[in-house]
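In the two complexes below, chain A is the common chain; its partner is chain B in one and chain C in the other.
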Partner chain A sequence: MKKLFAIALGILTAIGGFVDIGDLVTNGLVGARFGLSLVWVVLLGIIGICVFAEMSGRVAAVSGRATFDLVRERLGPRVGLLNLFASMAVTLLTFIAEIGGVALALQLATRVNPYLWIPVVGAAVWIVLWRVKFAVLENAFGLAGLALVVFAVTLWKLDPDWADLWRQASRPFVPHDESHTTYFYYAVALFGAAMTPYEVFFFSSGGVEEGWTSDDLGTMRANVFIGFPLGGLLSVAIAAVAAVVYLPQGVEVDTLGQIGMPVGQALGVLGIALVLLGFFAATFGAACETGLSVGYSIAQYLGWQWGKFVAPLKAARFHSVVLLSAVVAVGVLLTTIDPIMLTEYSVVFSAVALPLTYFPILVVANDRTYMGRDVNGRLANTLGTVYLVVVLVAAVAAIPLMIVTKAGQ
Partner chain B sequence: MAPALDSGAFQRNAIHALDSAVSDTRTSALALQNYLAARVPRPYADTVVTESEDAIGPVEDSFGAVDPPSPSDKRLRDEVGALLSDAGDELAAARIALRRNDPAEMMQSVKTLRGLAERMEQRSEGLS
Partner chain C sequence: MNRTRNGRHAVESSEPARRTGPHDAVLRLLDHQIVGPDGALLGNVDDLELVSDDAGWLVTGLMVGPAALSQRLPGPLGRWVYAVWRRLHPASDPTPVVLPLAHVTSIGSAIEVNLAAAQALSSTFGLELWLREHVISRLPGATGDTGDTEQQQVMSKHSPSTAETVAGALPLPVRAPLEGARGLSSLIGRAVLAPDGTLVGRVSEVRCVSHPPGHRLDALRARWVVYTRHLAGSELGYSMNRTQGPALVRRLVRMWQQHDRVVEIEHVIGIETTQGDLQLDQTAAPRHPHDLSEDQGAGQARHPPL
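And then the complex of A and B:
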C-alpha cells in the first residue's frame, strides 16, 4: 500500500511539475499562431524526455550517483566542462526566466508591478531551497501544479470543433500567413521547451537526494512513463485553448495574462484562481528545480558535497552557488528585461545545448562499470541514438533559424 | 529616421504594425468583456489591458520611425499612423475606465476597440 501511494504521488507530482514557464509561454504562443499543427513536436519532445529521464534516473538509482558526477569521471574533465558550461548556462537562463514568471503570476493576482515582486521572489526561492526539505518542495509544488489541469477543463467547456482540432494535429501544415522558416523556428523552440536539460539533471540528482536504489526502478519508470506524458498533455491543452480562442481572432499571445484569460472566459473567477495557483506553482516549482540544478551541476563537476540530504553547513559551497544564482537572477531581471522574451530565448538556447547534455547520459548509461546488468538495452539505445540525431539537427538549426526569422517574427 | 528599402518593405512594415495593433486591441476588448461578465478579477483584467497599452507604444514608434519611400507610401503612413494612434488612445481610455470601475465606459471601450480592430484588420488584408 505504501509503495502504491509512493507511485501515485510520484506520478501526480510528475504531471504537476512537468509544465514550466517555457512550456506555458511557448505552447500559448504557438497555439495562437499555428493552431495544433505543431503538436507533433510536443509529442516528439515528450518521448525524448522520457527516454533520457529514464536513463538518467536509472543511472542514479543503480550507481547511487548523479549524472554530472559520472560524466566527468567517465568522459574526463574537458568533456565534462563543456557539458557543464552548456547545460549550466541554459539552466541559469531558465532559472532567471522562472523567477520572472513567478513575478508575472503574482502581478496578475495583485496588479503590483513585477519588478517589485522580483527581489521578493528571488529571496523566497532561496529561503525555500535553503530551509525546506527536498521531498516537501517536490511534492508541494508538483501537486499544486496539478491546478493547470484547468486548461483541459477549459478546452472541454469551450466546446471546440474537435474534428477541426484533430485535423490540425494529425495533418501538420504551415498556415498560409506563416513562412516555413518561422514554423520550424517554433518547432525547435517547442522541442527545446519539452526537453529542457535541467529536467534530467534535476531528476537524476533528485533520485540521489531521495536515496533511490535498484528497488525503486519501477517507481521511477512509472513517474517517467505515466507522469511525464500526462504532464505533456497539459502542454497540448494550453496550446489547444490558445488555438480555439485566439487563432480565429488573429491575436498574438505574448503575455502570461493572455494565456490564462480563456480559462476565465470558460470557468469564471474560480478558473482564474486555479490558473493563477497553477502558474505560481509551475514557475515557483521550476525556479526551485533550476536553482538546485545550477548548484547540483557545479558541485557535482567540482566534486563538492552537494544536496539537501545533508545539512546546509556540510554543503556550504553548494548552497553558496544556489544563493549566488538567485542574486544573479534577480540582478538580471532588474535590468527590466522582459521575462517572456527571456523565456522565448531560453527555450531556443536550450535546443542548442541538447546534444551536449544528452550524449554523455547515453554514454554513461551504456557503461557496465556503473550500471552492471541495468545497462541500456537495445530499445533504450536505439531510441537514444535516434534522439541524438534529432537533437543534433535541432541544435544546428536553432541559431540560423533565429537569425533568419528575427526570433520568430 | 530610416528610409524603407522599397514600397514592398514599407507595406510589410505597415501590415506587421497593423496586425500587432489588432492583437492588442482584441486582447483588451476580451479582458474588458470578461471583467464586465465577472469572469476575471479586476487586477487580472487591469494587467492584461495595461500590457496591451504598453505593447502598442513601441509598435507605433517603430512604424513611425521608417520613412515612406514614395508619395503613395506617405499616404499609407498617415493612414496607418492614425489608426495606431486611435488604438493607443482607446487602450488608454479602456485602462482608465477599468481602473475607475465605470461599466458604461468599459462597454463603450469594448465596442470601440472591436470596431478599430475590424478596421485595422481590413486595412492589413487590403495590403497583403
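And then the complex of A and C:
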C-alpha cells in the first residue's frame, strides 16, 4: 500500500512537474499561430524525453552516476568542458526564464510590477534550494502544478469543433500565411521545450539524491512512462485552447496573461485561481530544478560533493554555485530583458545542446561493466538510435532556421 | 544506504577477476568519480601518477585536484587554472595531490577509496574549505557535521606540526608526486610513428595489469599502448569492447576507429621523454585492440553479442 502510494505520488508529481515556462509559452504561441498542426512534434518530444529520462534514470539507479559525471568520463576533460559550457549556458538561460515566469505569474495575480517581484522570487527560489528537503521540493511543486489540468477542462468547456481539431492534428499542414521555414523553426522550438536537457540532469541527479538502486527501476519507469506522457498532454491542452480561442482571430500570443485568459473566460474566478496557481507552481518548480541542475552539472564535472542529501556544509562549493546562479539570474532579469523572449530562445538552444548529453548517456547505458544485466535492451536501443538521429537533426537545423526566420518572425 | 548511494558498481563485486584482469587506464580510471566508504564524493581522477622502474612503467597513484586537471586542459586555460591554483594555495610551493593506489578498495563506475584516504583527500580541497568557512557557514541555517574533528585527528596523528602543514605537507596517506613521476596524460595524444617514420596515430589508451599480480592493488603495470588516428571518441569504450551497443553507433565508431592498434609498451621508443614523438621499434606487432581483448578473455567473451 505504501509502495503503491509512493508510485502514485511519483506519477502525479511527474505530471505536474512536466510543464515549465518553455512548454507554457511555446505551446500557447504555436497553438495560436499554427493550430494543432504541430502536435506531432509535441508527441515526438514526449516519447523522446521518456527514452532519454528512462536511460539516464536507469544509469543513475544502477551505477550511481549522474549525467555530467558520465559526460566527462566518456568525452574527456576538454570536450567535456565545452559540453559543460554549452549545457550550462542553456540551463542558466532556462533558469532565468523560469524566474522571470514566476514573476510574471505573480504580476498576474497581484498586479504588482514584475521587476519588484524578481528579486523576491530569486531569493525565494534560493531559500527553497538552501533549506527545503529534496522530496518536499519535488512533491509540493509537482502536485500544485497539477492545477494546469484546468486547461483540459477549459478545452472541454469551450466545446470546440472536435472533428476540426482532430483534422488539424492528424493531417499536419503549414497554414497558408506561414512559411515552411517558420513552421519548422517552431517545430524545433516545441521539440526543445519538450526535451530540455535540464530535465535529464535533474532527473538523474534526483535519482542519486533519493538513493535509487536497481530495485527502484520499476517505480522510476512508472514515473517516466505514465507521468511524462500525461504531463505532455497538458502541453497539448494548452496548445489546443490557444488554437481554439486565438487562431480564428489571428491574435499573436506573447504574454503569459493571454495564455491563461481563456481559462478565466470559460471557468470564471475559480479557473483564474487555478491557472495562476498552476503557472506559479510550474515555473517555480522548474526554477528550482534548473537552479539545482546548474549546481549538479558543474559539481559533477569537477567531482565535487553535490546534492541536498548531504548537509550544506559538506557541499559548500555546490551551494555556492547555486547561490551565485540565483544572483546572476536576478541580475540578468533586472536588465529589463523580456522573460518570454528569453524563453523562446532557451527552448531553441535546448534543442541545440541536447545531443551533447544524449549521446554519452546512450553509450553508457550500453556499457555492461556498469550496467550488468540492466543494459539497454533491443527496444531501448532501437528507440535510442532513432532519437539519436532525431536530436541530431533538430540540433543541426535549429540555428540556420533561427537565422532564416529571424527567430520565427 | 549511504555506502551504496554513490559507490555502486554493477558487476565488479561478483567478479574478482577485475582486480587482476587488465585495466584500461583511460577508460576505467581517468576522469572517474572518487568515492569514500560513506559515499562522500571526493573529486575526480584528474590524472594518474606514472613512474618508471627497472621493468618498465607503473601507475602508482591517483592525481586529484586543479593542479593535475590543469595539465589536461587546452593551452591558455590550463596555464591559467594552474596559475590561479598556485597563487591561491596557502603553501609557498604547493605540489599536486596524489593518492597511492594501495588505498583504492574497488574500481567500478566509481573509484572507491578507504576511510583514511577519504579524510585526507577532503582536507586537500582548498576551495571547499574556504567557501565552507567564509561563505556557506555564515548563511543562516547552515548545518552539518563537516567531519573536521576527525580530519584534525587524522592530520595531527600524521603531520607533527601545523607549521609543516602550512609549508605544504599533505596529510597521509595522500602525498606529493614521487621523484621523477609524471601524469599518464603526458602520454595521451602523443604522436606514434611507424619504424619508417610515418605517422600511424596518437596514443589513446594505456592498458595495465595489477602489480604485483594478485588481489592487492599496489600499482598497475602498464603493458600495452593503444594508438588511434582519431582521438575524438576514443574514450567511448568501443575499441575495447566489440559488443557494446547500440548497433548503429558501434558500427560508425568502429569504422572511425578501424586503424586503432595496440602494441606492447616495450616496443614503443621514447616514452621516457615527456614530449616529442613516440616510435615503434622493428619488432612491434600492432594489432587491433579487439584482437588483444579476445586473447586475454578480458570480460567481453562472456557476454553474448547483442
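Odds and ends about this structure:
By our rule, the second predicted complex is superposed on the first by the 408 of 409 C-alpha atoms of A that agree within 3 Å, B and C clash if a C-alpha of one lies under 4 Å from a C-alpha of the other, contacts with A are read in each partner's own complex, and residues count from 1 in each chain.
One rule holds in what follows: contacts are C-beta pairs under 8 Å (C-beta built on N, C-alpha and C of every residue); 3 or more make two chains touch, one makes a residue touch a chain.
All values reported here derive from a predicted model rather than from experimental measurement.
Aligning the two structures on chain A places chain B and chain C side by side, free of any clash.
When both complexes are overlaid on chain A, the residue A:133 reaches neither chain B nor chain C. Within the superposed three-chain model, A:320 lies in touch with chain C and out of touch with chain B [touch as defined at top]. Working from the superposition on chain A, the chain A vertex angle toward chain B and chain C, CA centres, sits at 140° in steps of 10.
By the touch criterion stated above, A:250 is placed in contact with chain B alone, chain C being left untouched.
By the touch criterion defined above, A:310 reaches chain C but does not reach chain B. Shared-chain residue A:3: touches no atom of chain B or chain C.
One of chain B and chain C touches more residues of chain A, and that partner is C.
Think of it this way: put the two complexes on top of each other by chain A, and the tightest Cα contact between chain B and chain C is 35 Å.
Taken in their complex, chain C has these residues touching chain A: 1, 4-12, 28, 31-34, 40-44, 46, 64, 69, 72-74, 108-110, 125, 127-129, 131-132, 135-137, 139, 141-147, 232, 235-237, 241, 243-249, 299, 303, 306. Interface of chain B with chain A (complex): residues 16, 19-20, 22-23, 26-27, 30-31, 34, 38-44, 46-48, 51, 55, 121, 128. Against chain B, in their complex, chain A makes its touches with residues 107-111, 177, 249-252, 254-255, 257-258, 260-261, 264-265, 268-269, 271-272, 276, 409. Interface residues of chain A, counted against chain C in their complex, comprise 62-65, 69, 72-81, 130-131, 208, 211, 213, 299-300, 302-306, 309-314, 316-317, 319-320, 323, 360, 362-363, 366-372, 374-376, 378, 381-382, 384-385, 388.
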